[in-house]
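Below you'll find the structure I mean.
Chains here go by letter, A, B, C and D, matching the order in which they are written, and residues are numbered from 1 within each.
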Amino acid sequence: MKLVYFAWVRERIGRTDETVELPEGIETVSDLVRWLKTRGEEYEYAFENEEIVRAAIDHVHAKPDRVIAGAREIAFFPPMTGG
Amino acid sequence: MKLVYFAWVRERIGRTDETVELPEGIETVSDLVRWLKTRGEEYEYAFENEEIVRAAIDHVHAKPDRVIAGAREIAFFPPMTGG
Amino acid sequence: MSVTIQIQADPFDTARETALLTARRADIGAVVSFVGLCRDEGGRLSALELEHYPGMAEAEIRRIAEMAGERWPLLGLTVIHRHGMIRPGEDIVLVLTASAHREAAFSAASFLMDYLKTNAPFWKREHLRDGTKGAWVEAAARDDAALERWERTQG
Amino acid sequence: MSVTIQIQADPFDTARETALLTARRADIGAVVSFVGLCRDEGGRLSALELEHYPGMAEAEIRRIAEMAGERWPLLGLTVIHRHGMIRPGEDIVLVLTASAHREAAFSAASFLMDYLKTNAPFWKREHLRDGTKGAWVEAAARDDAALERWERTQG
């Protein structure tokens, strides 16, 4: 599964994207975040306030309880500040 | 006192403007309208629905009860449809 | 607040007016423009003829602009209203508002148009495709209703 | 409804986009444009850098445009959002709405901006006058609040 990161989430994690093999039991966006936080302090830092970081599945905004099965690309990013 | 007319008020009265000497006792815009209606059927026609016709005194919108003493130019016109 | 008000028969150039409003400053974050155009009403009209009250038209629009300037933190404001014969597809009126933030620019532009519609001394008459003069356009009740929200609220 | 959506690094030309939106038709009575510009924040900034999520940015703006099209009788709509380095005084975003009447054009433009601000995947970072990178711009609570009025109402 491809993960992509933007803005300060990208900077904290230190990469723009990566492809990961998910272990069993990762069903929702928040499961994925919890697992990512076990992968190193850069992830802990990026997700230190989990409720601030937003997610999108295949280019569509996704709430933390969204099931990720079938997703090709999951994005994590701060609240948007365009416009 | 100068009177000016616009749009269908002008067309019904048949002139763009005129200068009138007001008789005693004409104090408000509505007094003026009542007096104008005695001056001929073109005025009666223009003011047949008095409450529709709007007035302005010296370029400022004026309600029927506005006193006209000191006015240089009084205008009558239909509801505005610009913009 | 820089205020530009013009009543003219000639067409206006929205891009030029916008450039004049925003030139040489970096405090403007939002510019809203409203352009009102002449519709052909399903092919029925050949033109709209706009009569106006010279002198009062400018004075009244200036009063409306001042109300907007008191109500919102505007950095600039332009109103141009044409008169005379205007063909379908042509511009009739331009309102431009500039502010640091979008809320003020949007609200002020909408407010200016609502007041222009009901208070600025302009009258539209239809000219029909068959060459005859049509009726004077009647004032819409919804235009009066549009004013109420500004009288009810402060923002 | 004709819909144009562009995500680009290059500047846009509002006059050209407006002409494209209104060309060869006489049913449009109102065109509202919103242009968002880069402010220098009292001289503090040398630029804003806009990062975006390619692919999602276009898809999300298209979804927002469809919502607007379902809600108001629009005849056309254009959204152009820039990314990359943008200097004070330069344009960042353009929203254009065309309708027969002004209410729909104003409401839809305001709605589009409110949703773009909070939902389109763009992030602004400040670049300071002294040559250093500044902070990522924080999302404003009032932008979330602005959405509520659209969720409460239907018009």
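The rule we apply is simple: contacts are C-beta pairs under 8 Å (C-beta built on N, C-alpha and C of every residue); 3 or more make two chains touch, one makes a residue touch a chain.
Not measured: the values here are computed from a predicted model.
Visitor: Centre-to-centre on C-alpha atoms, which chain is most distant from subunit C?
Guide: A
Visitor: Express in whole angstrom the distance between the two chain centres, defined as the mean CA positions of subunit B and subunit D.
Guide: 48
Visitor: Counting only Cα atoms for the centres, state how far subunit A is from subunit D in Å.
Guide: Subunit A and subunit D have C-alpha centres separated by 26 Å.
Visitor: I need the residues of subunit D touching at least two other chains; which ones are they?
Guide: Each of 36, 102, 113 in subunit D touches at least two other chains.
Visitor: Multi-chain contacts only, two chains or more: what residues does subunit A have there?
Guide: Expected reply: 83.
Visitor: Please list, in label order, each pair of chains that touches.
Guide: A-D, B-C, C-D
Visitor: So in the complex, which bits of subunit D are touching subunit C?
Guide: 14-15, 18, 22, 25-40, 42, 88-89, 100, 102-103, 105-106, 109-110, 113, 146
Visitor: Could you list, by residue number, the parts of subunit D that touch subunit A in their complex?
Guide: 36, 50-53, 55-56, 59-60, 81, 92-93, 113, 116-125, 136-139
Visitor: Quick one: in the complex, what on subunit B touches subunit C?
Guide: 4, 6-8, 56, 59-61, 75, 77-83
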